[in-house]
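One chain, subunit A, appears in both complexes that follow, with subunit B as partner in the first and subunit C in the second.
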Partner chain A sequence: MGNRFRIGFHLAVAFLTLLAFVVVFGPALAPYDPLAQNLRNPFGPPTWVNWLGTDNLGRDVLTRLMIGARPALTGVLIAVGTAALVGVPWGLTAGYIGGLLDNILMRIADALLVFPGLILALVLTAVFGPSLKTSMIAIGFVYSPILARVVRSGVLVVRNRDYVVVTRLYGLSGWHRMWQHVLPNAAAPIIVQITLLMGLSLLAQIGLGFLGVGLQPPNPSWGGALAESFPYIIVSPQASIVPGVVVVLTVLSLYRVGDELRDRFTRE
Partner chain B sequence: MLVGSRVIAIALLSTALLQPGAGFADARNNVLTIGLATEPFTLYPAMGVGGTDYPYLYSLFARLLTFDPKSLEPRPGLAESWEFSPDKRALKLKLRENLTFQDGTTLDAEAVKASLMNFKEHGRVQDLEVVEAIDVIDPRTLVVKLDRPYSPMTAILADRAGMIISSTALKAAGKDFDRKPIGAGPFMIKNWTSGSNMELVRFPNYYDKDSIKLSGIVFKFIANAPSLASAALSGQVDYAFGLDPKNLPALKANPRLRVAIEPSLSLNQIGIHLGYPPMDNVLVRRAVSMSIDREALRDVILGKDVGEGPTANMVPPTQAFKSSPQFPASIKYDPAKAKQLLAEAGFPNGITLKICASNGGVGTGTDVTDIEREQMRPAGITLDVVVMNSSACLQAYNLRREFQLWQGGWSGRPHRFMTYSQYFGTNGQYNKAKTRFPGVDEALEKIAATDDPEQQESLFADLDRIWVEQMPVAPLFWRPNFSAYSSQIAGETPNAQGKPDPTSIYFIANEKKK
Partner chain C sequence: MLRIFLRRLLILVPTALFGSILIFALVQVIPGGAAETIAGDDSSPETIARIRAQLGLDRPLHEQYVQWLTDALQGDFGRSLLDNRQIGADIAERLPHTLELAITALVIALLIGIPLGIASAIYRRSVLEGAITSLSGLALAVPEFWMAMVSINLFAIKLAWFPATGLEPWSAGWDNHINSMVMPALTLSSGAAAVVTRFTRSGMIGALDSHYIRTARSVGLSPARIYLQFAFKNALVPVVTVVGIVAGSLIGGAVLVEQVFVIPGLGAMLVNGVLQKDYPTVQSVALVLTIAVILINLIVDMACLVLDPRTRN
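The block that comes next holds the complex of A and B.
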C-alpha cells in the first residue's frame, strides 16, 4: 500500500514538473501560432499535423493548451499569493493577539466565508473589469479567510510553546516574535492549505474563464477553451474532453502533492 | 407475488415518466409548450424594441392589419378593409363588428384611436411620427391623417404600432401593464415567472377564434443554446425556436422532431456609430466592410451554404441591384483594397477600432469577433473587443458612445422602407449622428408618396446602390430561423419576415378526435 501511495505522488510531481516546463518553454516550443485559424478544418481529429486536433475555428488545440498553461498557472500564483498576503497577517494577528481583536477578525472571516466564493469573485471582477489579474486577485481575496483561519489555528498551538515564551525573557518585540518564531513553526498546515488552494484557484479560474470574465479571447486560456467548446457539446462533445482532462489532471496533481505534504507533516 | 407486482408497478411508472414530453408537453390539455432563448423585457408593444418579442406579442395582441406570410402584403386584421386617399395622406380603416378586448371592454374606433395616439406619444420606436391626427367617423370607422404622403403606413399598422391595447386597462394598471397587458389577441396572459416561463390561456372572444385550436401556450425561457436543443430532443418543449444551427445535426437525427430552416429578414451585422470618428469617414466604413470575408463567416456560424448568403445590404436587394456589378463587389473580401482605402483616409499604418460584443445570441459575440479579428488583420484593422451583456452593450454603444462598432443583429421589418428610413434617413431612429446621405431622404419621400410597385422598385434600387457606397452599417449575412417541431404538432405558418406566430399550431391527435 505504501508503494501505491507513493507512485501517485511521484506521478503528480512528474506531471507538475512537465507543466512547469511547458509554462517556461511552451511559447518557444508550441508548433503553431495559437491565433492562426483554418476555418475549413473545424474540430479536426488528431493527426500528425495536429496532435490533439483542432478547435471550432481550426486552431491547433495542443498549441493553445501549451500557451494557455502560462496564464493558468500564473493566475494560480496570483490568487494564492493574494490569499497569502491577506490571509497570513490576518490569521497571525488574530491568533497571536487574541481577545477582542481575534473575535472581530474571525467574525469578518466567517462573514466572508458565507458568500459563495465564485459569485463574490464575479462581483469584484465586474466592478474592476474583466481580466486575468483582476479575476485572480478577486479569487485570492475570496480564499484569504480560509487561509486566515488555518494560520490562526496553527498560531494558537504554537504561541504558548516554551521556545516562544522564552523569547519574552530576552526582550524580543511581539512583532518579531510573531514573524520569526511563531509563524515558521506554524507553517506546516499553511503550506498544505496553500497547495489545496492552488487546486481550488485553478478550478475557480477555469470557471471564471468559462463565464467570460477571465483572460479575454482570442488569447488562449483553459477556461476559454471549455467555453468555446461548450456550444458544440451536443454535436461535438469530444471538443470539451481534451481541455477538461488537462484541468482535471492538474488539479488532481496539486491535491495529491498537498495530501503527501500533510501526511509527512503529520508523521513528523 | 407481491414483490413481483411492485416491480411491475415501478417499471410501468418509470416507463410513463420517461415518455417523451412527460411533464411539460401537454397534448391532452391542448397546451403548446414553446422553448425560446429570449424573454421579453416588456409585453407593452410601445415600450419594446426587441425583434425576438414577436412570438409573445402576436399571441397576446391583435393588429389592425396583418400580412401575407409569403409576400408580406397587408391583409385584414382588426380592420376588415382600408383605403388610402389619392394623395396618400389619409388612411381610412373600417373595423370588424363586435370586437372586444380581453377584459371585456369594447374595441371600437375610439379605442383604436387611443391606442395609436398612445404609441405615437410614448412609443420607443417612432413608427407613427407621421401621424398628424386621427378622426373617428363612427364606432367602426376612423381616418388616420398623415403629415406627408406615406404608403408604408399599412406595413406599420401590421407591426408593433398596430397592436391595439386597451387604454382603459393601461390607465388602471400603470407600470403593471408591462407584465399584465390587455389586448385583443387570441391568448391572454395567465402568469409570467421571470427567468422561467410565461403561461397564456385562450381568449374565447377573439375575432378569429375558429382558427385557433389551442387552449393555451406555455413559453419556456431557455437562454442556453445546448439546453434549448436538449429540451427539444427530450420532448420538454413541443416547438423550439431560435436554435443554434450547430445543434441541427443532432436534432435532425431525432425521428420525433421535424427540423426547419425558415426564411427570415434577420441578418447579422456590424453596427457603425456614425458619430464616433473616424467612422464618420466613408472610406473607413468601406474599409471595414471590405475587410470581412462574409461567406467564410457565414459558413462557420450557420453552416456551409445555409441561408440566403452574405449581404452588404440591410434589406433584400432589388433585382436590378443584384444584377449590377456593384452587388458582388459589395460582398467581396478584399483586405488589400481595404488597406488602400484606410491609407487614403489618413491611416497608412492601420487603425484600431473598439467593438462591443455580447455572447447572448448566435453571431453577436466572440464566436464572430474572433474570426473577424483575424480576417481584418491583413487590412491593417485591429479590433479591440469588449464583451458585455447585450443591453449594457447597446447602452454603451448607443448612448455613451464608448464604441465605434457594435456586433449585433437586425430582425427586419415588414417593409423595406421601414428599415431604410430608420437606418438611412437623416432623422432615422438608428442614424444617431443625423448624418445626411446624398439622395436618400429624397428617395424615401418619393417611395412613401407612391404605392406603384415599379416606381418603388426603381427607387429602392437607387437606395441599394447608395447604401453600399456609403455603408452606414456593415451587414454580414442573412440569418434564417432554425426551428424544431415535435411530430405531434402541425399548422405552423412561418412568414417571410421570420418572426413566428405560433397561434396557428395545433396538436394532430386532438384535431383528429374532433
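The block that comes next holds the complex of A and C.
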C-alpha cells in the first residue's frame, strides 16, 4: 500500500510542476487568443484544433484554462500570504509570551474560526467591489487563526529546548530569538498547514469566482469558466467538466504533497 | 449544568457581537461613502443627504450600531435599497430553506461519516480503509457546487431520477419536496461527510489503542460492545467538536449549492445584494447567517457537555 501512495505523491508533484510551468509560460504557450470568439462553434467537442473543445462563445477551452492558471495561483498566494502574515506573528506571540495574552489571543482565534469565511468574503466584496485581491485577502484572514494555532503549538514544543534557552543566556532580543531560533524549528507543521491551506483557498476562490465576485469576465479564470458553463448545463453538460477536473486535480495534488510532507516530518 | 451553559454563552455572545461589529463596520468603510455609492456618480448633494438620512448615516457611529443591532434583533432589518421590500420578511421566508438544506446536509454527513470512520478504524490497514481514505480525500478536493453541477447532469438529465433545479414546497407533497432536496443536501454534505469520517477514524483509533479497551477485550466483552459502547462513546467528543467547525463551512457551502439548484434561500439573497450593492440586505443576511452558525456551535457545545463529563470542568 505504501508503494501505491508513493506513486500518488510523484503524480501529484508532476502535476503541480506542469501547472507551475503553465503559470509561468502559459500566455506564451497558449495555442489561441483567450478572448477570440467563434460564435459558429459554441460548445465544440474536443478536436485536433481545440484539444479540450470550445466554450459558450466558441473560445478555446484549453487556452482559457492555461491563461486562468496564473490568476488561480495568484489568488492562492494572496490568501496564503495573508494567512501567514496575520497568523504566524499571532501564534508566535501567543505561544512564546504565553500567559494571559496567550489566553486572549487564542479565544479570539476560536471566535474567528466559527466565522463563515465565504460570507465575510462576500461582505467585503460588497464593500470594495468584486476583485480577486479583495476576496482572497478576506479568505486568508479567515484562515489565519488556523495557522496561528499550528504556529502556537509548534512554538510551545520548542520554546524551552536547550538551544532556545542558550540564546536567552546570550542576551539576544526576544524578537530575534522568536524569528531566528524558535520559528525555524517549529516550521515543519507550518509548512504542512500552508500546503493544505493552498488547497482550501483554491476551493474558496473557485466558489467565489462561480458566484461572480472573483476575477471579472471576460478575463479567463477557472471559477469563471464554471460560472460561464453553468447556464448551459442542460444544453451542454460537458462544458463544466473540464475546468472542474483541473481544479480537483490541483487540490488533490496539493493535499497529497501536504500529507507526504507531514509523514516525512513526523518520521524525522 | 446551567452554570456551564451560561459560561459558554459568555464566550459566544462576544463572538456574535464581534461578528456584528465587523459586519456593521465594513459598510462604514465603503470607499467614497455608502450614500455616494448608492446615489451614483452625478447625483446632487441633496440626494446624497436624503439617502444619508434614510440610512441613518448622519448620526454618530455608536448610535447607528446600537440602533441597527436592536432593530435587527427584533426582526426589523429595514428595507432593501433595490425594491424597497421589507428585508425581515424576505429573510423570514428564505431562512427556513437555507437552514433545512444545511441541517439536512449535516445529518447526512454524520450518518455517512460516522459509520465509515468507525469501519476504517476497526479494519485498519485493509483494502476497505484504503478505499474510505481515498474516497474522503477525493470528497475534500471536489468543490461541492461543481459536484452539484455534475450530479444535475447525471442524475437529473441523463437518469431523470430527480428534478434538475428548484425546490418543491412541502405543500406540493412531502415526497416531491424530499425528492427535490436529495441532490442539494447530498452534494452539500460531501465535504462535511469526509471531515466527519476522518475525525471519527482518528478518535476511534485513539480510543481503540487505550488501556480500557485492552481491559475490556481481556475480560471477554463482545467486539460490538467494545466498539460501540466503549470506543465510540469516547471517540464521539472530537466528532461533536468538529461539527461546530463544519457548521460554518456548510452555511457557506449552502450559499453556493443554493445558487446551482436555484433554491430560494438566503444564499441567492446575499449574492444578489453583494452584486447590486444593496448594503442593508448584505448586512442583514450576513448577520443572520453568522448568528445561525454561532447558535449551531452553542448546541454542539452543549451536546459535548452531555456526552462527556470530562469537559464539564
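Criterion: the second predicted complex is superposed on the first by the 268 of 268 C-alpha atoms of A that agree within 3 Å, B and C clash if a C-alpha of one lies under 4 Å from a C-alpha of the other, contacts with A are read in each partner's own complex, and residues count from 1 in each chain.
Definition applied: a contact is a pair of C-beta atoms (placed from the backbone, for glycine too) under 8 Å apart; a residue touches a chain by one contact, two chains touch by 3 or more.
These figures come from a predicted structure and were not determined experimentally.
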Clash or fit: subunit B against subunit C, after overlaying the two structures on subunit A? clash
In the overlaid three-chain picture, which partner chain does A:Gly174 touch, first (subunit B) or second (subunit C), both, or neither? neither
Between subunit B and subunit C, pick out the one touching the greater number of residues of subunit A. C
After the superposition on A, what does A:Leu122 contact: first (subunit B), second (subunit C), both or neither? second
Counting only touches as set out at the top, which of subunit B and subunit C does A:Gln216 meet: first, second, both, neither? first
Touching partner for A:Val235 - first (subunit B), second (subunit C), both, neither: first
Going by the contact rule set out at the top, does A:Pro31 touch subunit B (first), subunit C (second), both, or neither? neither
Return first, second, both or neither, reflecting whether A:Pro184 touches subunit B, subunit C, both chains, or no partner chain. neither
For A:Leu57, select first, second, both or neither according to whether it touches subunit B, subunit C, the two together, or no partner. first
Is A:Pro42 in contact with subunit B, with subunit C, with both, or with neither (first, second, both, neither)? first
Using the superposition on A, tell me which residues of subunit A are in contact with subunit B and, in the other complex, with subunit C. 130, 212, 230, 233-234
Which positions of subunit A touch subunit C when the two form their complex? 1, 107, 110-111, 113-120, 122-128, 130, 199, 203, 206-207, 210-213, 226, 230, 233-234, 237, 240-241, 244, 247-248, 251-252, 255-256
Mind listing the subunit B positions that touch subunit A in their complex? 225-226, 229-230, 233, 244, 246-247, 249-250, 296, 299-300, 359, 366-367, 369-371, 373-374, 385, 387
For subunit A, which residues count as touching subunit B in their complex? 35-37, 39, 42, 56-57, 130, 212, 216-218, 230-235
Sites on subunit C touched by subunit A in the complex: 11, 14-15, 18-19, 22-23, 26-27, 29-31, 125, 130, 137-138, 140-143, 145-146, 149-150, 152-153, 157, 164, 244-245, 248-249, 251-253, 255-256, 259-260, 270-271, 273-275, 277, 279, 282-283, 286, 289-290, 293-294, 297
